[in-house]
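Presented sequentially are two complexes of subunit A, the first with subunit B as partner and the second with subunit C.
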Partner chain A sequence: MSGPRQMISLGDRLARGMLIALTVMSIVLLVAPSLIVIAISFEPRGYIAFPPSGFSLRWYWALLERQQLLDSILVSLRISVMVMVVCLVLGIPAAFAGTRGRFPAKTAFNAFLLAPQMMPGMVIGIASLFFGAYISFRASDLMLVLSLSVFCLPFVVRIVMARLAGLDPLLDEASANLGAGKFETFFRVTLPQLAPAAFAGAAFTFIEAFDNVTVSLFTSDVRARPLPVELYYLVQFESSPLIAAISSLEIGLSLVVMLVIARAVGLERFGR
Partner chain B sequence: MNQLIIDGVTKQFGALKVLQSCDLTVERGSVVTLLGPSGCGKTTLLRSIAGFVTPDAGRIRVKGQDISRLPPNRRDVGYVFQNYALFPHLTCRDNIAYGLVVRRVPKAEIARRVSQALDLIALAAFADRYPKQLSGGQQQRVAIARALVLEPQVLLLDEPFNALDAQLRLSMQVELRKLIDRVGITSIFVTHDQQEAMALSDRVAIMRGGRIEQIGSPLEIYDRPRSCFVADFIGRANLMPTQVRAGRTEGPQAIAAALPDGPATLVARPENIDLTPGSGPGWPGKVTFLTALGPVIEYEVDCGFSVPVRAALPRHAGVETFEPGALVTARIRDEAAAVVLPGEPNHA
Partner chain C sequence: MLSRHSPEASAPLSPRGLSVARFLDGGGIWPAVPALVYLLVFMVAPIATLLTFGFVDIDRGTVGEGGFTLSHMVGVLSDPLVWRLTWRSFWIAVVSTSLTLIFAYPVAYAYGHLRGAARTLLLVAVMSPLLTSALVRTYAWIVILGGRRGLVNQTLLTLGLIERPLDILNTSTAVLIGMTQIHLPFMILPLLAVLSERDRSFEQASLNLGASQTVTFFRVTVPMSMPAIVAGFALVFAVSYTNFIVPQLLGGGNYSTIAVQVYEQTIVVLDWSRGAALATLLLSSCFVFVFAIVAAGNWLTRWSEVRR
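Right, the complex of A and B next:
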């Protein structure tokens, strides 16, 4: 009687210990570096130091004078929005087919849809570049959008699929019974219920496209570099707190997007 | 006038014959229940009328028009789903308005008809709530109003009380029947609950293995079941083996039987079995068990059949009570029994 009980409580204690370890690790490895970067961005002097020697917004102002950086932010915003649109337009119907469709090799189709997530971004980047060269398609905004879309598509597909699987198929029958055709049912019943998932998928896609280096490094236009690539080059020549200032802004942007998702749909849904 | 005619509807899923040439005629304004154990095809028949299932053969006509080949959204047939299938992203009011909006009914008329429907189900105060903010009974009423607001030719209800608890179920059954009478709509229920079928319907169709086994008013079916299956499915019955000889049963009581000579089963309801002390004309037996239910006492009497004969005797002055072990004679009162062909009783 006491044996199994002790074992259960031992298991419980082990689980609790693991949870604490995991929490500590994520604080040390994820949160702390971000906080340090933010702290460094307020350094008044011309080099990186922690803790910062004072508080100044000098490097944030300096940002505004770096036309090349500002341009790259605009490139990234433009590219990310386009990637987001492409992923939504392709991802929602694909998720539909993958969940509700009845066709041969459906499992293979679904695995194929989600495959880019299993592949390192660098592989997608290099593959896009080589394949592009083969058909004389140069690294450009268009190629960047396409390659990032391949990379990001699984985000939308996965989230929308999870939501679709949770929808009651009887709602479609109810809608048909009340006189609605297939298209009307899609727009009046299915889409409104997918909206939160589509919204979250779009937000993740946006963030991913906005700060992706691995793919962008190979497929972006040299004359119009997106922000992550620009930063990648910048770090090699410059070690001023300017980098920290940009990074802090990016952290802020991600945080805002996450908060918006959390408000709209609840973050825990995307763990699945 | 016949509102709905189902003619030889047949459906097969793979090797499984779900519906085997079902015929059913429903009069205008009447309530019919499809009753049977799970897997008997009752829901498939209902879904065929709505168009969710396409029969392999047979025709379904509503008001003389063949609707067998129409898609679900072109059939003028209301459907209340077992789990109600209310749209979770729409309020109660918008759920009810859905069909009217889809039909491009003018806004003012939609508002008028929806508020009428809300009054009908007494939920006007809840119009702006979402389904998950309503109780099970309220959700059911919204589902019914959503179907009724379109004034369909026929209302189909798939086990509408399944999701409700026992107490609510009873009051909702009465409410729903009153509502149906008030609107005067032809309705078809599906249920596996015989009490629900008796309470709700003008006629009951008992289904078994994809066939309609018997159709009739609840009391007709209760009093004159045509098979052991029906007898056992509706109410409780004593099934006693017997032989038919020249239109009457052999044994202590000769009961008229419209069956050819040969083995048969005598079906008698417990309340039609009378017990008298000692021996006499009838089946002699010994009381083995009794249950005092209040208004009646139920006896189990061993008369030599494989199962004891059950008798329910009212408890009032002049009716004798028996103790276990008492020797009695069982008789069928007023020859109130049906004679059917022997068959496997159902215990679903």
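Right, the complex of A and C next:
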């Protein structure tokens, strides 16, 4: 801190103490629930206790015997990969038009591209369910993929757009000065710089599709429920640490995804 | 990478590559057409259907004979329960959003003053819940608040602070706690972006002119971040107002909000006309409230500027 040293009054100290206390409480609030769930998943007995009475992997093994759960994990993995592909294929070109395109009403156009973000997941879910029924299209894997892609598209568009807007035009110029044509510059300079953003967008889309309950509850197939829907029912009827075990695995998966995003574009950039 | 101009790098592109580049980077609207068409078919058309279904009779997923009718809409709007639940949704969302703001602002402010590993750790703490399923986090609160063996009751009983376990789960307090925690990152992130890049010279000027740090914080820092506060408040309000998972799982079986009603009418009762009418009410009231929040926020920003 530059400038003259300030006199710090008692009131300021109190206020600063308040601020620090609130920050610490907030961080505990953010992190503690996940840590508690992970701790509980190692409980050797048949009910939830914290701290756990011992350490065992019993509930992780129990998971392997629940065929329905394993099936739902497979359904979710399959669905999430498909949603990721759809969003990348639609989102990356759209981001190009949104940043580099020159056409009338571009602001409105960009707002429309990001509009699904403003829609509550439930509204997208119910609307898809009704529209599907109207055109005689049953809730199925395909419908789940189509509706989740609407929900997830803005994630890819937003992050790729941010990257495109932040590209240094000097690099393009340098490439041109070195004798590359406009399109060679595109393939050898622009696209490689875009890869991390596309990668991060893909990772985020995957995890959003994998975790989503609000859309999935309405558009998933009753006979092939994805994991979040299965969990939604399980949470209401099962009280063993089994759910804590699945949840811990999900937390682990999200940490991996966060690491991937951090390596690709940096968490800070992604936060906006 | 660019310094060495290798022969491989200057090899001519195939005609196909050229057309792909022209398509994506040509400066037209064309690359976005697939996404636009996709959103029109799978978002706009479904939402149009949803809005229409509130005004016709729906029988097992197909439109009935009657044609246009206002009966479902009138039925919903004249139901005192609906108004009570809308009111409850509104208050739960306002209180929980205000709580997220109180908890989020210090974190975002602290982030700007941290460096190195502490900064990264703080960001991880903020981002990690965002990437964890909302269901998992709701489950965590069931475990923490729930029943006799819940974490809160266990601790309080062991410490001898209470004699009988408290009933926190299945009350609006539980819903409020759960919602606040689950939506906290949505409030922190917009604030963090603005607060960490703010121009510190105004604050320094205020300090140099003799204002205390507390006064500077409330009279300079907070007013300068008003746009981010309004944006965060509007976003968190909207997600809280339409959240039906948390009230269902933490509020217990007989706790309902307008969003829970939409879910129950559509999935449990299977009265799609009423579900659609309720969803229309939910969506339009949400827009009205968000609009009011943004308008009030802008007014407040102007007011504080004039006063300064």
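In this section, the second predicted complex is superposed on the first by the 228 of 272 C-alpha atoms of A that agree within 3 Å, B and C clash if a C-alpha of one lies under 4 Å from a C-alpha of the other, contacts with A are read in each partner's own complex, and residues count from 1 in each chain.
Here, a residue touches a chain if its C-beta (ideal position, glycine included) is under 8 Å from a C-beta of that chain, and two chains touch if they have at least 3 such contacts.
The structure displayed is predicted, hence computed values, not measured ones.
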Partner chain in contact with A:Thr23 - subunit B first, subunit C second, else both or neither: second
Which superposed partner A:Ser149 touches (first subunit B, second subunit C, both, neither): second
Touching partner for A:Ala174 - first (subunit B), second (subunit C), both, neither: both
Touched partner set for A:Glu184, first subunit B, second subunit C, both or neither: both
Residue contacts with subunit A in the superposition, subunit B compared against subunit C: C
Partner chain(s) touched by A:Ser220 [first = subunit B, second = subunit C, both, neither]: neither
Which superposed partner A:Tyr47 touches (first subunit B, second subunit C, both, neither): second
Which superposed partner A:Ser80 touches (first subunit B, second subunit C, both, neither): neither
Contact residues of subunit A, present in both the subunit B and the subunit C interface: 171, 174-175, 178-180, 184, 188-189
Subunit A to subunit B touching residues, read off their complex: 168, 170-171, 173-181, 184, 188-189, 192-193
Sites on subunit B touched by subunit A in the complex: 50-52, 71-75, 77-79, 81, 83, 85-89, 98-99, 102-103, 146-147, 150
Of all residues in subunit A, those that touch subunit C in their complex: 2-4, 6, 8-9, 11-12, 15-16, 19-20, 22-23, 25-27, 29-31, 33-34, 36-37, 40, 47-50, 89-91, 93-94, 96-98, 100-103, 109, 112-113, 115-116, 118-120, 122-124, 126-134, 146-147, 149-150, 153, 157, 171, 174-175, 178-180, 182-184, 186-190, 204, 207, 210-211, 213-214, 217-218, 228, 231-232, 235-236, 243-244, 247, 250-251, 254-255, 257-258, 267-268, 270-272
Residue ranges of subunit C touching subunit A (in the complex, touch as defined): 2, 5, 9-10, 12-13, 17-18, 21-25, 27-32, 34-36, 38-39, 42-43, 45-47, 49-50, 53, 61-63, 102-104, 106-107, 109-110, 120, 122-129, 131-144, 149, 151, 154, 180-181, 184-185, 189-190, 192-193, 204, 207-208, 212-214, 217, 238-239, 242, 244-245, 249, 259, 262-263, 266-267, 272, 275-276, 279, 282-283, 286
